[in-house]
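Next, two complexes with chain A in common: one pairs it with chain B, the other with chain C.
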Partner chain A sequence: MAEKLLEVKNLKSVYKTRFNEKITAVDDVSFDLEDGKCLGIAGESGCGKSTLAMSVMGYYYPPLFYESGIVNISGIDITKIPYNQLRKEILGKEIAYIPQAAMNALNPTQRIINLIEDVMEEHISGITKKEIRKIAEDRFETLNLPKDVLQRYPIELSGGMKQRTVIAISTILNPKILIADEPTSALDVTSQKIVIKLLKDLIKRGFIKAMVFITHELPLLYNIADDIMVMYAGEIVESGEAEEVIFDPIHPYSNGLMNSIIVPEKGIKGKKLTVIPGAPPNLKYKLEGCRFFDRCLFAKDECKISEINMKYVNNRSYRCVLQVDELKEMYEDGKKPATT
Partner chain B sequence: MARNQLLLSGKDVTKIFSNKKKKTIAVDHVNFEFESGEIISIVGESGSGKTTLAKMILGLLNPSSGEIIFRGRPIELKTREKRIEYWRNVQPIFQDPFSSFNIFKKVDNVLLDCIKLLNITLKKDEKYKKIEEACNFVNLRFGEIYNKYPFELSGGQMQRLMIARVLLIRPRLVIADEPTSMIDACSRASILDALMKLRDEIGTTVVFITHDIGLAYYVSDKIFVMKEGRFVEEGFPDDVILNPTEEYTKHLISDVPKIESRWAL
Partner chain C sequence: MKSYRKYMTSKIVWYVLTFVVALFLNFLLPRLIPGNPVSTIVSKITSGMADTNSIKRVYETFEKEFGLNKPIWEQFLIYVSNLLHGNMGTSFGQYPRKVTDILASSIVWTIGLQLPAIIVSWILGNVLGVLAAYIKKGFDKVLFPVFLFISCIPSFGFAIVLVWLFAVALKIAPASGGYAFDMIPSPTLSFFLSVLQHYQLPFWSIVLVGIGGQSLGMREMSIYELNADYVKYCRLLGLKDSKIVRYVFKNAVLPQITGLALSLGTMVGGALITEIVFSYPGLGSVLFNAIAAQDFPLISGCTLLITTGVLIANFVIDIVYGLIDPRIKVAQQE
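Presenting the complex of A and B:
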C-alpha cells in the first residue's frame, strides 16, 4: 500500500456565531490520502467542503473552532501543535491550500513576483531576491506560464491566467499535499481544462505528491479524481473509487446527484433529471438520525431515530441503514429517490 | 401566449467600449431572431460578449449601433412608463442572486410586490396562494422562505426564488445570465426544470446564457455560439453540439469534461 500522506480521523469543527449558535459544519469526518492520489470532494453548497479544507490546514480562526479529532500530516497531529510550529514547519511545505475564490483575493497593489517573495522569505530564511526570482522563473517556465507574468499586477491577468498563477505560487515550496477548493468554478471550460492540466502536471513532475480537489462539478471530478468522497450536511455519506461512485452510487443522495449530471452527449437531451426537493437541514440544530431523512424516498422510521454509522463494503463506504442490495433493487425498480 | 411568433430580433447590434487606452468591440454586428416559447442558449468563452448582449436586450446598455426590435418595435426606454412597461415583459435572472434582492426586505414581500406590479386586485389569501404556487413550481417550500431575509437563504434557494418571482410576473421574455453557475448539480436540475416549465406552461421565451455546453445542449431549442463578439455558429442543439462545423465550436466541446470518456491528461 502506498504511503499515507494525510490521515484525518473523526474530525469535528464548529462555527460559533454571535447569536451563540454552534454550527457543526464538519462532523466526524475521517479519510486518508495516499501518495500519488487525487481525492475529490463533492457535495452541495453549504455541506462543509471548504470548512473541511480549512480544518485540515489547521486554519482555525474565529468564528471557526476545532472541536475534536485528529489530522495527521507526515506523522504529526497538527491539531495538537502550537500555531507557530504549524505555520513554520507544516503550512506551505507539507501541505498547501488554494482557497475558494483565491484568484480574486490577490493583493492588487503587488506584482506577482512580490507575492512569491512574501511566500518564500517567510519559509526560507536568508534567501535573496535574486534566488527567488530564479526559482520563480524556472517554475513558471516548466509549467508553461509566460515569465513576464511575474512582473505584472493581478488585474492585468485574465481569470484563467490568474488562477494558474495562484497555483504556481502556492506550490512553489513543493508541498507534499495540495488542497484546491473549487479552483476552476469561475472559469470557462477552456481555461478550466488548462488549469486542470497544470495541476496534473504538478503531480507528474513530482512538485506535489497528492491532491484534494473540491468541486460540485461531478463530470469534472470524474475526469481528475482517483477517489471521490460525497459530503452531505457536514458528514461524509459515501466514498469510493471515482468510477464506482459516479456510475454505481450507493447512497440515495449520491444516487440523486449522479442522476442530475448533464453532459453534452447523445442521450442526455430528453432525459428526465432527478430533482431532490427541499433543502439540507440547518447545521445549527442538533441533528439526530439520517440527515437526508426528509428528502429521501426510502426513508423509514428507524432512519430518524437510530444513529447511522458508516458501512464498509469492499473498498467502499456509505452511511445508510439499508443494505447495498436493498438500495440497488430500489434504484433498478426505477424508484429513483425523489424524482419529479 | 402565442408560440412561434417572432418576439425579439437584432439587426447589426454592436457595442463598443472605449476609453483613453483602448477600444473593445464587445458585441460586433450580431443578427438574431428569437421566437416566442423557445429556449435559446448563447454559449461562448469568457469575454466573448454574452453579458454585454444580454444587457442591451434588457435595456441596461444602449447599443453603439444597430437595433433591437421587440414585438415589432425598436426598444425605446426614454420614459419611466416605457421602462416599466418593457420590464413587465422582459425580465432578468442574474448570476448572483444576492445582488438582485434588497437585503432589507423579506423575500415573501418581494414576491408580494411582483403581484402588485400586475395591476390586479386580489385578496390577501389569494395573493399568498399565488405565491405558494410559484414556489412549488420551482421546488421551494413556502415555509423555507416565509418571513426570511435574503441572507438567511442558500444560493440555490435564492436562485429558485428569482425564478418564482419571474413566474409571478409572467413576462414574455426572460434573460437568464449564468443562472446556475453558483450552484450544485441537484439545485441546478431544478432550475433547468423551472425554465423549461416557463417555456412549456406559460410560453415564455428564455435566453439562457452559459459557458456550460452540456446545459445548453440539454435545455435549448436553439443554440448560438459566440466568439469575440460575433455569432460563429447557430442552429438546433443536435446539429451544433453533436455535429459542429466550426473549429471553435469543436474546440469548446472538446474542453467540456464528459463521463463517456476521461480526458487524457
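Presenting the complex of A and C:
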C-alpha cells in the first residue's frame, strides 16, 4: 500500500456569525490521500468544499473555527501544533494551496519574482536572490511558462496565465500535497485544458506527490481524479474510485448529479452540477436524519428519523439508509430523478 | 508609451488652462471686496494735514502708482506683464515694501512649520492606522475613538486648547510668535532656542490634528486590504504576518500619497488659522492681515502662491503615481 500523505479524521469546522449562530460547514469529514493519487471533491456551490480545504490547511481565521477532528500531514496532527510551527514547517512546504479566485490572489503591486523570493527566503534559510531567480526561471521553463512573467506585475497577465503562475508559485517548494480549489472555474475551455495538463505534469515530474482537486464541473474530475468524494451540506455522502462514482453512483444525490450528466449523450460533455431541483438545507440549524431528504426522489419516513452513518461496501462508501441493491433496483425501474 | 505621452500632454494642457483661469480669479476676486484701500493709506499718511488740495494730490499719486485709475482689464494686463518680470507689485498695507519681499520672508516660517509637521503626522498617522487595522482588539478600541475625537475638533479649537493648557495653565511654552518679541532674527544660539521653544505648540497642534485624519483613512484602507484575497494566499504560502502587513501597508498607503501631496501643495496657505492663533510670522498671518487691509497685490500674491502650490502638487501626483503604482500605470496607458 502506498504511503498515506494526508489523513483526515472526523474533521468538523464551524463559522460563527456575528449573531452567535454556528454554521457547521464541514461536518465529520474523513478521508486519506495516498502518494501519487489525485482525489476529486465534487459538490454544489456552498456545500463546504472551500471550507474543507481551509480546514485541512489549518487556516482558522475568524469567523472560521476548528471544532474537532484530526488532520495528519506527514505524521503531524496540524490541529494540535502552534500556528508558527504550522506556518514555518507545513504551509507551502508540505501542503500548498491554489485559491478559488486566483485572479485576485496576487498582490497587485508586487512583481511575481518578488513574491517567489519572499516565499523561498521564508522557508529556506540562507538562500540568495540569485539562486532563487535560477530556480524560478528553471521551474517556469519546465512548466512551459514564459520566463519574462517573473518580472511582470499580476495586472499585466491574462487570466489563464495568472492561474498558471499561481500554480507555479504554490508548488515552487515542491510540496508533497497540493490542494487546488476550483482552479479552472473562471477559465475558458482552452485555458482549462492547459491548466489540467499543467497539474498532471506536476505530479508526473514529481514536483508534487498527491493532489486534492475541488470542483463542481464533473467532466474535469473525470479527466484528472483517481478517486472522488461527493460532498453535500458539509458531509461526505459518497466516495469511491472515480470511474465507479461517475458511471455507477450509489447515493441518490450522486445519482442525480451523474444522471443528468451522462444520460443524453454518451460521455460527459460540458455539463455542470447544478441540475437537481430544490436547494440544500441551511447549515445554521441542527439537522436531523438525511440532509438530502427534501430533494430525494426515493426518500422514506425512516430517512428522517435517525442519524445516517456511512455504509462501507467493498472499496466504496455512501451515506444512506437504503441498501445498494434497493437503490440500484429503483434506478433501474426508471424512477430516475428528473433531469431538468 | 505613445499613449502615455498623449496622456501627459492632455494633462499638461489642462493644468495650464487651470492656471490661467486661477490667475485671473486671483487678480479679480480681491478687487471685488467693497471699499477703497487707497483712501485708507492716504488717511493714515495725511492724518494731521489740513490742506485738502495736498491730500487730494497724495491720493492721486497713490492711485496712479497702484494703477487703480485704469480700467480693470488694463490693470490685469499690467499685472500679468509685471508678473512675468517677477514683480508682484507693491504692498498697499505695508507700503512701500515689495510683495515679493514680504512673501519671501514669511514663506520661510510657514514651510519651516508646516513641512516637518505634515510629514511627521503623515508617517505617524499611517503607521498607527495600519496597526489599528491589523491588531484590532484593544489597540483599535482605544485608538479609533481617540483619533475620531481629535480629527473632529477644528484645528483652531485644538490650538486654543493647547495654548490654554501649556502656555496659560502650565506655563511651559510661549503662547504666541515665532520667537521672543524682544529678539531680532540672527544666527545665534539663543535666537535658535527661542524659535524652537515657540515652535512646539503650533507644530504639535498641526501634527495631532493631522494624525487623527490620516490614521482614520489609513485604517479604512488597511481593513479593506487585509480582507483581500492575496492576504489569505500569502498566509497559506507560509509567509510571516509581519511581511504581509508590509504588503498591506504599501497598498493602502499609495492612495494616501494623494493626501500627502495635496497637503504639501496647500501647505503655504493651509495652516492659516493655526498661524493666526499663535501669531506665527508665516504666510497665513500675512494673508489674514492683507485681507483686513484690502491689500490687493499682497492678497493676489498669497493666493497665487497657494494656487501654484496646489497645481504643482497635483501634477507631481499624476506623474509619480504612474511610476510607483502598477495599478494606475495600466489605467494611464489605456
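Assume the second predicted complex is superposed on the first by the 322 of 340 C-alpha atoms of A that agree within 3 Å, B and C clash if a C-alpha of one lies under 4 Å from a C-alpha of the other, contacts with A are read in each partner's own complex, and residues count from 1 in each chain.
Heads up, the rule we're going with is that a contact is a pair of C-beta atoms (placed from the backbone, for glycine too) under 8 Å apart; a residue touches a chain by one contact, two chains touch by 3 or more.
Computed from a predicted structure; not experimentally measured.
When the two structures are aligned on the shared chain, A:I305 is found in touch with neither chain B nor chain C. In the superposed three-chain model, the partner touching more residues of chain A is B, compared with the other of chain B and chain C. Of the two partner chains, neither chain B nor chain C is touched by A:A2.
By the touch criterion stated above, A:G278 is placed in contact with chain B alone, chain C being left untouched. Contact with chain C, but none with chain B, is seen for A:I169 once the two complexes are overlaid on the shared chain. After overlaying the two complexes on the shared chain, residue contacts for A:R87 are found with chain C alone; chain B is out of touch.
In the superposition on chain A, contact of A:A101 is made with chain C only, not with chain B. By the document's definition of touching, of the two partners only chain B reaches A:L187; chain C does not. Using the contact criterion defined above for the overlaid structures, shared-chain residue A:I155 touches chain C, although it does not reach chain B. Remark: chain A residues 43-46, 158-160, 185, 187-193, 196-197, 200, 216-220, 222-224, 246, 256-257, 260-266, 268-269, 271, 273-279, 340 touch chain B in the complex.
Chain B contributes residues 45-47, 139, 141, 144, 154-157, 181-190, 192-193, 211-218, 237-238, 241-242, 251-253, 255-260, 262-263, 265 to its touches with chain A in the complex.
Every residue of chain A that touches chain C in the complex is listed here, in rising order: 57, 59, 61, 87-88, 90-93, 96-97, 99, 101, 104-110, 115, 118-119, 122-123, 153, 155-156, 166, 169-170. The part of chain C that touches chain A in the complex is made up of residues 228-230, 232-240, 243, 247, 250-251, 254, 325-327, 330.
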